[in-house]
Amino acid sequence: MKTKEEYIDSLRALKPELYIFGEQIKNVVDHPIIRPSIDCVAATYEWAERQEYSEIMTATSHLTGEKINRFCHIHQSTDDLVKKSKMGRGLGAYTGSCFQRCVGMDALNALSITTYNIDQKYQTEYYQRFLKYLKYIQDEDLVCCGAMTDAKGDRSLRPADQPDPDQYLHVVEEKKDGIIVRGNKLHQTGAVNSHEIICMPTRAMREEDRDYAVSFALPSDAKGIIYVYGRQSCDTRKTEAGEMDTGNILYSGQECMVIFDDVFVPRERVFMCGEYEFTADFVEKFAAYHRHSYACKSGIGDVLIGASQLVAEYQGISRASHIRDRITEMIQLNETMMCGSLACAYEGRQEASGTYFVNTLLANVSKLNVTRFPYEIARIAQEIAGGSLVTLPSEEDLKNPKIGKFVSKYLKGVEGVKVEDRMRVLRLIENITMGTGAVCYLTESMHGAGSPQAQKIMITRESNPERMKNAAKRLCGISS
Amino acid sequence: MKTKEEYIDSLRALKPELYIFGEQIKNVVDHPIIRPSIDCVAATYEWAERQEYSEIMTATSHLTGEKINRFCHIHQSTDDLVKKSKMGRGLGAYTGSCFQRCVGMDALNALSITTYNIDQKYQTEYYQRFLKYLKYIQDEDLVCCGAMTDAKGDRSLRPADQPDPDQYLHVVEEKKDGIIVRGNKLHQTGAVNSHEIICMPTRAMREEDRDYAVSFALPSDAKGIIYVYGRQSCDTRKTEAGEMDTGNILYSGQECMVIFDDVFVPRERVFMCGEYEFTADFVEKFAAYHRHSYACKSGIGDVLIGASQLVAEYQGISRASHIRDRITEMIQLNETMMCGSLACAYEGRQEASGTYFVNTLLANVSKLNVTRFPYEIARIAQEIAGGSLVTLPSEEDLKNPKIGKFVSKYLKGVEGVKVEDRMRVLRLIENITMGTGAVCYLTESMHGAGSPQAQKIMITRESNPERMKNAAKRLCGISS
Amino acid sequence: MKTKEEYIDSLRALKPELYIFGEQIKNVVDHPIIRPSIDCVAATYEWAERQEYSEIMTATSHLTGEKINRFCHIHQSTDDLVKKSKMGRGLGAYTGSCFQRCVGMDALNALSITTYNIDQKYQTEYYQRFLKYLKYIQDEDLVCCGAMTDAKGDRSLRPADQPDPDQYLHVVEEKKDGIIVRGNKLHQTGAVNSHEIICMPTRAMREEDRDYAVSFALPSDAKGIIYVYGRQSCDTRKTEAGEMDTGNILYSGQECMVIFDDVFVPRERVFMCGEYEFTADFVEKFAAYHRHSYACKSGIGDVLIGASQLVAEYQGISRASHIRDRITEMIQLNETMMCGSLACAYEGRQEASGTYFVNTLLANVSKLNVTRFPYEIARIAQEIAGGSLVTLPSEEDLKNPKIGKFVSKYLKGVEGVKVEDRMRVLRLIENITMGTGAVCYLTESMHGAGSPQAQKIMITRESNPERMKNAAKRLCGISS
Amino acid sequence: MKTKEEYIDSLRALKPELYIFGEQIKNVVDHPIIRPSIDCVAATYEWAERQEYSEIMTATSHLTGEKINRFCHIHQSTDDLVKKSKMGRGLGAYTGSCFQRCVGMDALNALSITTYNIDQKYQTEYYQRFLKYLKYIQDEDLVCCGAMTDAKGDRSLRPADQPDPDQYLHVVEEKKDGIIVRGNKLHQTGAVNSHEIICMPTRAMREEDRDYAVSFALPSDAKGIIYVYGRQSCDTRKTEAGEMDTGNILYSGQECMVIFDDVFVPRERVFMCGEYEFTADFVEKFAAYHRHSYACKSGIGDVLIGASQLVAEYQGISRASHIRDRITEMIQLNETMMCGSLACAYEGRQEASGTYFVNTLLANVSKLNVTRFPYEIARIAQEIAGGSLVTLPSEEDLKNPKIGKFVSKYLKGVEGVKVEDRMRVLRLIENITMGTGAVCYLTESMHGAGSPQAQKIMITRESNPERMKNAAKRLCGISS
């Protein structure tokens, strides 16, 4: 396994074509807006190195028997699934941010099921290709970006019916040794911090969408791939002189638009090509795995609850009954989310390929709560933080020789608390509820792994109305 | 194990002193208000007999190696705890009611931990007594009523400080071969349907409350025990000529006030007597177990969702998008509750006595959701049911030769649905949201196993604020 | 104006054909299940007699200049509309129930607008007929039942397309001096307590539904009208020997199915007959007026909050911070509902006929809150009440010489509170949250004046998206 | 009255001592971060000039009979209070931001009551001073900053008990012609955009806090007053080259820390000095007025609903039933808030001084909803907006010759919509839910005019539990 430092060094060797604020960036690793997001992925390496987290952060490869980072692992038991939940929460609490590596893990696991199933039907060799690729990922301990969401153009039209055929990523040419693809993937988490990008279809495809039923993997700096860095609330605070005002002084997330401008994919890295009837199941498998991954939000919730408790103590109100009630409510919501993630893991089952898969109904139920509860937790955090959250002077004001003394005097709060510490924790709450952190704690909770309506559709589909109707009929005496 | 019929017969042999509507009842088993609650307990025997439920309904006794009803079992693994969750949901869906047998199971399991722990400290013999008693319960396949809630008198005063010393159940005399107890237990679920009653202290006791630190078991018809049957919404519909208007035509719950009018308890059935310092842990253990038991509400939720889906179909609105959205929301809430019950079971651990115990934090989180979600599910059920829920004519009107034809004509709804069936399912929804069933689905969800504030206190206590504060401090750079 | 006693006497003179539990009732007034609902209507007369309520309970007729009961009044100003809100809340708090007289008032006011508008287009004489009828109502101080909801049959079909043409009330024959109508009105509040029944179309009609576009008034005991009394939760407690267990010992509501079995309506009482293009507006006018009427729920809310405060005091927990917080939340929800009712009244405007009409958007917003908040207030009331709410012995048990002493001893609560009083207030909370009162406080709040979806449709229609979109466009610089 | 341009020019004449990011700013008016907040105040002048808003934006001075800006007016009727609500909503929708001028208006109105009441008791001349001052404000059409919130130090200590006596603003010296004050006011909305600053005590004072019972007015650039500009989420986007990424390209709010470093106040501008027993009522009056002012949030809500509707249309999902349902819910919450503001205005009453005052209970109920509903509206807006809200490339990327074409191609959405417009409206939603606008739409809604607990305390105090308890007692037959 790579160390944290080796990971960062390995990124320096990559040469992705990246734009940010309209400019091409050559040195990705040291860019002040990007670096905290790299450090955040690096935490997934750091924790794997640490003995105390060994059990949740590493696993034994079912291919090689070697110890590997869990993010590169194919789940071999419900215990693996549960540890994935706990790893997510742990890293969420450690980084207070999106550590970006779960999408690739979820893509690998979904591929391990779907490629196997396609082969069963068509005697193709996708699964063998996939296993070979997986071994490479595990051996090199690589970060994969799982790329699913297409641009979609006019959403009322299916892929093949779009006026612009590139609105969904598709095969534009088949060559002897591979394929040429064109299109776009939006909202790609951690894309430029990844070694590899794994593309998947974004929805169920029909026969006429055959060219869009494509899945493959590429090095992230493959020729023809262009990245445009997404803006985030308060992103440029990371470029300012001080550090306090960023709130989370260590980490951040990353979202990119990824353009495929006629990119060549070698045959051995193609995992689906035209088998449209497997797209629906592929998408559902990936989606359920990824909905399970939202245990990380309970980790960020831990940070926000801790910050709220701290600010209450710093402001001398932590024993007020209404504050304690509010803190308890935050915990209640945070743990309810975690229960969902745990339950869908524990209730998982084995697929034909041997991979363990989460309980789909509960994974969707869990994620639907994640589209709601972090917003309420954030609201309560703002309630506890008080108005200073949005009226606080800047770090520069605190350090200014003339007015710093006034800032210090009048933001003092409880005896024994440093004004700077009070400001720091308020900035952290600002970060998670309105700033860079809110991107992943709130909006990504809403839309990552599919928007709420996607979960509702799956919940309806996965529930068993006949069972429930029959239970009701029996009790009230309806025989028909 | 007893059959369902043997259970009912065994009740006939008991002679409890029972009052209902101010009258003493001699034939308990055939009383029309009581009988459906007996049939409901009987379902726990019926399911244990059925092959398809064998795995969740039965267990292997760790004392005898015999196959026993799970309600008599001491949990030997997290798998046992998970099966308890699933048994609860299954029976909840089967009965649409409170099947009354979990309190005793939870009392037995809490006793298995506490009696062991007392013995470790004091070299007492409670645990051996308990095991002997347990073997009797298992061998005879008995129903135990777990009795905890005292009258409490003035709630601002502790037991020993009450003007009336009987407001909490206590030892009034120690005899050579046993003790005499006096007091009261309120809200006793299934009390007269039980063979045994197991008393536990209702709160943490101090040294001066020593006489109140008492736990024991008695046959339910022991001399001096008096039962007063609690009224429930719509209870007397069960005495009417027809059946439809009861809603749930098969089952109901039962709550009694239980008076201990100087009752003798033989020494070998005393499981705690004065060891006040173990009361807090005893109460918490029982409470956590019992909060875990509320998986049954997801079962009743299944019935209510099924009934709502049925009524939507009968009324021709089941495909309307807003109705589908409402059904999905019911499922979301119902499964979120279930996730909590499962998670606290899966995350359980072994106690010193060998018994498996649930995760306390998650058990409390789970139960706190149960104090909220069934009310919202019930609200949605009423939304879907429409106004007929509360304006429907009686069964007698439907059957009346003169006006029955009008009732039939004008309540017809969708072609192919019998008017009677539409009325039946509406009555079932009425039962669960306002009638007899609402007692257990709503109010018992609120207060059973402790009111919401009790869960909040435990959630605060079981959470780890230091861990969360440290996570926050690190991220914003607070070193102190 | 009639006195309360005169009103009750006037009912004795009526001979409606009424069935309850499959039996025809001759003496309506003294039937134990019906009488509390009559007494509840009578409260609208009683309050009008009382000097202190004179301003809100009475008005000056714009026809005669006489002082009349406000329930017979056509609103002449926004002040009238506001007083209607306050009258509703006052009577709700006085009766803790549905006083049944607002539907007729709302029907009269809607008719005053629609009949005028039809006449403007067609030079018909509906408005003059209506004014003559109104004068009669005002002079005699009569109760009108406003009848809107039809059986509807298959809800996916419009009236004229139903297999059974009677699923919507319609004209089956035109005679020289009147019309013959057939059909049914469901959920008719206070129907047998009314002197008159005013029928209105239940939805917008098309040209082919012309026969269904009919409105008229009849004496409630007109030949051919048949009433079937709707069951309510706990209805038969009113027939028991004691009084305590009814909870609300004074009042209740009433809902009937009303069958029109070829009933003749004289020409001068027909207010619409075939003018289908006015049905949509008629329905919307009535609905908005009636949605405004739900101020009464804030009155019942007052009772429930008062009862919750009482039970908290009786149980010695009223000063606990979490209880106070819960009481405040109840008030918050209750007053928020009231704000909606007041706002839609104050923001009313004059129609062409001179009648004042409420703000439609806000009336719908207000009612939509009423479909939600009473359920949450009820949930909180149950939280405060504690488990005794559903485990309390009966009145007969309390009065039983043998066990009454135990009931008294163990339900004592705080020093100085009579056990009977504690039981009474618990029964009142049971009544409003699960019993007879819940019919009007909960389910009627949900479905009365249209189910939530009906309000949502109106809110969408009455809002001004173009205004809001333009505001957004300007701020972000979109010029197209 | 001043024109918008005259207002901006008048600010140039002021020389406040202002720091931002640790630097003193000499040219306040043209600073890119400050200017949008000045333009926002200027909108209050612009609207007053426009004929179509004349009725809500202007009033007739009760002092001079001249037409004045309503923000300088003392309310003479409930109609004035209602127009204040509508002015707030109108300007909220016009600016999508905090226009900062209501705090001063609320301070003037509270002073008009309190100075009159003090004079009645002590024959002081505060009211005459106030009227003279008011005439000046009205004649010159000035903006006043209403300054209330003190630093508070250790919140468990009252003002006179603080280790640092300056934690609450206080009189440090009385001179013949005035007083010297020292201390701090936090969270001062629009402070450097104001001509005047009006200080008020922040809480009820005791006799020993006499020096803290002080109210006065000063020119905003009086010697010794120092301003430190509060940071806001995304504040520096206003300094970037483009405009789109600010979201709201026209306006923003402003919050400052205001330091009083031994400032002299001339006698004729002192409105309270030591009359501590009037502080509680003063604070409550101001607070109720200011809670009423939150009608502006329904205006910002209009913008957010409009933006959400636009983005749904631009993305081709506006007709999906779940999107329509979500838009309706936003309107429901937004109008419910407005109902509260209107109701507390309409239900206002006249004070002894002649000033009209809002209904305190309803003003607090209204504001408590404002601490909740905007967060839910914002959550729904994010749900509708989709993930692009937080992954969108920058304006510079769109305009970049190389990658702009890709951005345009892949963010196209529905035919006929400019990509730039889609990006603009997404940025506006980002602004209001996470950026500069979120400061006023969310956090200020939570804490402005007092945090939720302050409203709860007032709601408890202003409600009438005895009335409600008596209503309950009568209905269940409790005579004691």
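For reference, chains read A, B, C and D in written order, and residue numbers begin at 1 within each chain.
Methods note: a contact is a pair of C-beta atoms (placed from the backbone, for glycine too) under 8 Å apart; a residue touches a chain by one contact, two chains touch by 3 or more.
What you see is a predicted model; the values in this text were computed from it and never measured.
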{"item": "A-D compared against A-C, more contacting pairs", "value": "A-D"}
{"item": "Same-interface partner of C-D, chosen from the options A-B, B-C or B-D, over half of the pairs matching", "value": "A-B"}
{"item": "Inter-centroid spacing, chain B versus chain A (mean Cα positions, whole Å)", "value": "40"}
{"item": "Chain centre separation in whole Å, for chain D relative to chain A (CA means)", "value": "38"}
{"item": "Mean-CA-position distance for chain C and chain A (Å)", "value": "51"}
{"item": "Residues of chain C engaged with two or more neighbouring chains", "value": "322, 325, 456"}
{"item": "Chain A-facing residues of chain D, complex", "value": "19-24, 149, 151, 153-156, 163-164, 166-167, 184, 186-187, 226, 228-234, 236-237, 240, 245, 255-257, 259, 261, 315-317, 320, 322, 371-372, 375-376, 378-379, 382-383, 386-394, 396-397, 399-400, 402-403, 406-407, 409-415, 430, 434-435, 438-439, 442-444, 446-448, 451-453, 456"}
{"item": "Touching residues (chain side chain D, partner chain C) in the complex", "value": "82, 93-96, 243-244, 247-251, 302-307, 309-310, 324-325, 327-328, 331-332, 335-336, 338-340, 342-344, 346-347, 361-362, 365-366, 368-369, 418, 421, 424-425, 427-428, 456, 459-460, 463, 465, 467-478, 480"}
{"item": "List of chain A residues in touch with chain C within their complex", "value": "321-322, 325"}
